[in-house]
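First chain A sits with chain B, and in the next complex the same chain sits with chain C.
Coming up: the complex of A and B.
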């Protein structure tokens, strides 16, 4: 089946007073139908830039240097503003990181959810009913009454549920969850993960989950894309990432996850070194300066994506030299 | 004056009402404002005299049961003229405040949400207009066009639009970066819908409170210009003209000055008390700590 979303060789620069930052370089990614794809990576790896590019809502100083994004076979970079707006919300919807700021404070939750349906010609009462049903679906108790409350009258976890309800309101084909649990505490995080798993049974679109939380990714996703400093370094089914990671960065990232530490340690493991300066992108492998397994080729030649299995590939010289 | 955009949301409407009526100054302000409003609206029913009816027999008469606030040098009933003067004052206030609110909101949101060059241009114009002192600007314009109430309103509108617009612009710019606006863009909200549904309701609350505190300023400007003969045309009654008429006879008949001055003071106090109480309720961060 044709993937819902495919990103081909996407490169994005941010212009700054000191010169362009090459934030994304030749990113390839595809989201198959009815699948959950996770994008993992540390801060600044370009996860959110990818997501904004998909919505074509990049910041003003961003320039798309190359590449294409196809949504259901249509290139979104050649779409007109009107088509884009029709696509946003209707076909692609987003859940944001911070539920406390993602809703207009002066309109009730119901008003906002009714407003989201503005492209539908339904009577007001039915739109309201739809909103209540959706709130029920994401587990808001007493949705009949609470639909008229304002966002500040809900707790953080509730508000994230409402965000998800709002995103699902138009039954999109692709749901993008940009760090959906980062702003929540651990118990709420578990609830939201549970909610997403419940929704999988009824929601028939695809989902992109962006996170640096490996636990969330492991719980939810079918496939994982690992990003580092603006490049995709590894792509694999979720089990392969967690049990058979091929790229040294992925392995290092997994070792740093506090949840996976086997014993009590004084020092939490870290990856030594720093993320390279993306104004002057190094010629070789992007991770070579911090890699524990690097050798002479790494610093001067950019590795290609090498297949580990048919569904699993990584950008590492260790794999292509075998 | 700092304006908080989150303030309006922190309490439900119901508790805001209750809180308002717990503040004695706020209630006093509301009562004064209501008295003024009713006096102006019901003026023809509250008095038996016409505001411009001359009765030379009672020239400069002191307050009595017939003429509650006495009569002026032409024998016109001062109480009637004060009531009708309130009409002029409130008319000017209503028109100029609502027009400048409208203009300020419109231009401010355009400057804050629109392209950068337009913002720069508008800010330049705002600054240019603000650089004239209001009274000097009024004197210049009215000298050119001749005194009329519409000119007074126009002058006030032109000089207050930049004040409102700058506040709206700053609010709009900070809201533009907020996540819920990005979220709204992510569901395909267009600029018009964005402005009236997401930006406007977040801006308008604090702005209305500011406007209610600007009403006395406007009333004072109108009275001042009328006092100088640059506002309403005689014989139309305005608090300014009542004062001007009384001014010449201040040694014999001080009540004419009182009649013209007290309504001005009460208006200022009324709207200020009301505005300040509203501001304190809706913006708890500004509340004085006792």
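Coming up: the complex of A and C.
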């Protein structure tokens, strides 16, 4: 089956007074139908830039230097503004990190959800009914009454549920959830994870989950893409990432997570060194300066994606050298 | 930190007993018009907690549980209405603002947001030296330099401004500023919030090294349980302003005694796909402080509740291992 979304060799620069920042370099990514793909990486890894590029909502100083993004076979870089607007929100919907600022405070939740359906030729009452049904589906109690309330009358967890309801309102083919639980308490996080799993049974689109929280990724995703400093360094099914990580960065990242440390320790593992300056991208492997397993080739030659298995690949010289 | 026999003879550095902080939710007039008998909300209720020298105590709970308010009340940033806070044997509650000032030499605070808690228009050096100025002490460049070295900031950062720092570096400036006056206690409000996992380890290791070098105590306010497990000696779990359980970190993680602690621990997403659980997710959310449930305040969300819980508010009881639990039917 054709993937819902495929990104091919995407490179994005941001121009700044001191010269361009090479924020994304030759990123390849594909989202198969009905799958949940996780994009994991630390701050500055380019995960949000990828998402903005997919929505074509990049900042003004962004400059797409190369590559294509295909959504259902259509190249979004050649789409007209009108087509893009039809795509956003209807074919691709987004759930943002902060539920407290994702909705407009001046319209009731129901009105906002009715507005989302402006392209549907349905009577007002019908649209309102759709909104109520969707609120029910995401677990808002007394949706019939609460549909007329305003965002400030809901708690943070409820507002994230409402954000999800709004995103699913038009039954999109791709849902992008950008750090959907980062702003929530652990108990609410567990509830939202539970909700996503429930929705999967009825929602037939694909989902991209962007997060730095390895726990969330492990709980939800089928496939994982690991990004570091603007590059995809590893891509694999979720089990391979967590049990058979091939890239030293992925392994280091997993080791750093305090939730994964079996033994109690006072000395928490870290990744020594700093993320390279993306104005002067090093010639070799992007991770070599911080890598525990680097050797002489790493600093001067950029590794290519090497297959570990048919579904698992990583950008590391350790794999290409037999 | 290991507890030996001498621990029990040591006086506590900080001793909080029966602390209560209330905020006015309605103005007197509004309360009169709305016929509201009780216009107050209790953010902190009957909290007793102590911190020994060189110890790390973690205060955990969901948002709105009163953790931050408790931390701030120790510094006199909010004034408690009832109870007492003793620091090195001296009472802090009821001190005037002027009398509080010397106390703040010994208790420092690291605020939640590392970047926002720095002034945007002052250099790193000026920020670190500011506590000297506040306390009319001579600020000397050598000392700020050695503080920066202590927290692992290169000297070249001296003249940088907050927007030129990464989150981890800004956090280091926050640590340096908290250390400026060599305090005995540092209250760290979410010290790792917003930091990447690799940087989070660096900051926590730094805090631990400083503790070993300087013998500082920490009161860490956080909701990050995986971190707490590794860095704290003791944990206090807060819910709706009350402490529901407190005790040794190891035993709490091994066998939580309060159903709420259990829920919090179970809710942490596991970075291990094989452990994907059918989430026994907790129902509901933290109730409003204005509508406290009757009896045990956790009972509406509790999976182990019994009839008695709905009307009888449990007192704190101590278990065999010294843990304090506010529950009629503790799990351990």
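Keep this in mind: the second predicted complex is superposed on the first by the 322 of 322 C-alpha atoms of A that agree within 3 Å, B and C clash if a C-alpha of one lies under 4 Å from a C-alpha of the other, contacts with A are read in each partner's own complex, and residues count from 1 in each chain.
Keep in mind that, in the parts below, contacts are C-beta pairs under 8 Å (C-beta built on N, C-alpha and C of every residue); 3 or more make two chains touch, one makes a residue touch a chain.
Owing to the predicted nature of the structure, the values given are computational and were not obtained by experimental measurement.
Visitor: Let's test your reading of the overlay: on chain A, do chain B and chain C clash or fit side by side?
Guide: Aligned on chain A, chain B and chain C fit with no clash.
Visitor: Given the touch rule stated above, what does A:84 touch, chain B (first), chain C (second), both, or neither?
Guide: first
Visitor: Just to be sure I read the superposition right, which of the two partners does A:268 touch: chain B = first, chain C = second, or both, or neither?
Guide: In the superposition, A:268 contacts chain C only.
Visitor: I want to verify the contact counts: of chain B and chain C, which reaches more residues of chain A?
Guide: Looking at chain B versus chain C, the one contacting more residues of chain A is C.
Visitor: Is A:143 touching anything from chain B or chain C once the two structures are fitted on A? First, second, both or neither.
Guide: neither
Visitor: With the two structures laid over each other on chain A, which partner does A:208 touch: chain B (first), chain C (second), both, or neither?
Guide: Once the two structures are laid over each other on A, A:208 reaches no partner at all.
Visitor: Return first, second, both or neither, reflecting whether A:157 touches chain B, chain C, both chains, or no partner chain.
Guide: Only chain C; A:157 stays clear of chain B.
Visitor: Looking at A:96 after the superposition, I want to know if it touches chain B, chain C, both of them or none. Which is it: first, second, both, neither?
Guide: After superposing on A, A:96 lies in contact with chain B but is clear of chain C.
Visitor: Check whether A:227 is in contact with chain B, with chain C, with both or with neither, and answer first, second, both or neither.
Guide: neither
Visitor: Should A:189 be classified as contacting the first partner (chain B), the second (chain C), both, or neither?
Guide: second
Visitor: Rounded to the nearest Å, state the minimum C-alpha distance from chain B to chain C in the superposed three-chain model.
Guide: It is 8 Å, taken between the nearest C-alpha atoms.
Visitor: Under the touch definition given earlier, write down the residues of chain C that touch chain A in their complex.
Guide: Interface residues on the chain C side: 62-63, 166-167, 196-202, 204-205, 208, 223, 225-227, 229-231, 250, 263-264, 266-276, 279, 281-282, 285.
Visitor: Mind pulling up the chain A residues that touch chain B in the complex?
Guide: Residue list for chain A touching chain B: 55, 57, 84-90, 93-94, 96-98, 101-107, 115-116, 118, 150, 152, 163, 166, 170.
Visitor: Flag every residue of chain B that touches chain A in the complex, lowest number first.
Guide: Per the stated touch rule, the residues are 6, 8-10, 12, 178-180, 182-190, 193, 197-198, 201-202, 205.
Visitor: Flag every residue of chain A that touches chain C in the complex, lowest number first.
Guide: Chain A residues touching chain C: 42-43, 155-158, 185-191, 193-194, 197, 212-219, 238-239, 242, 252-254, 256-261, 264-271, 274.
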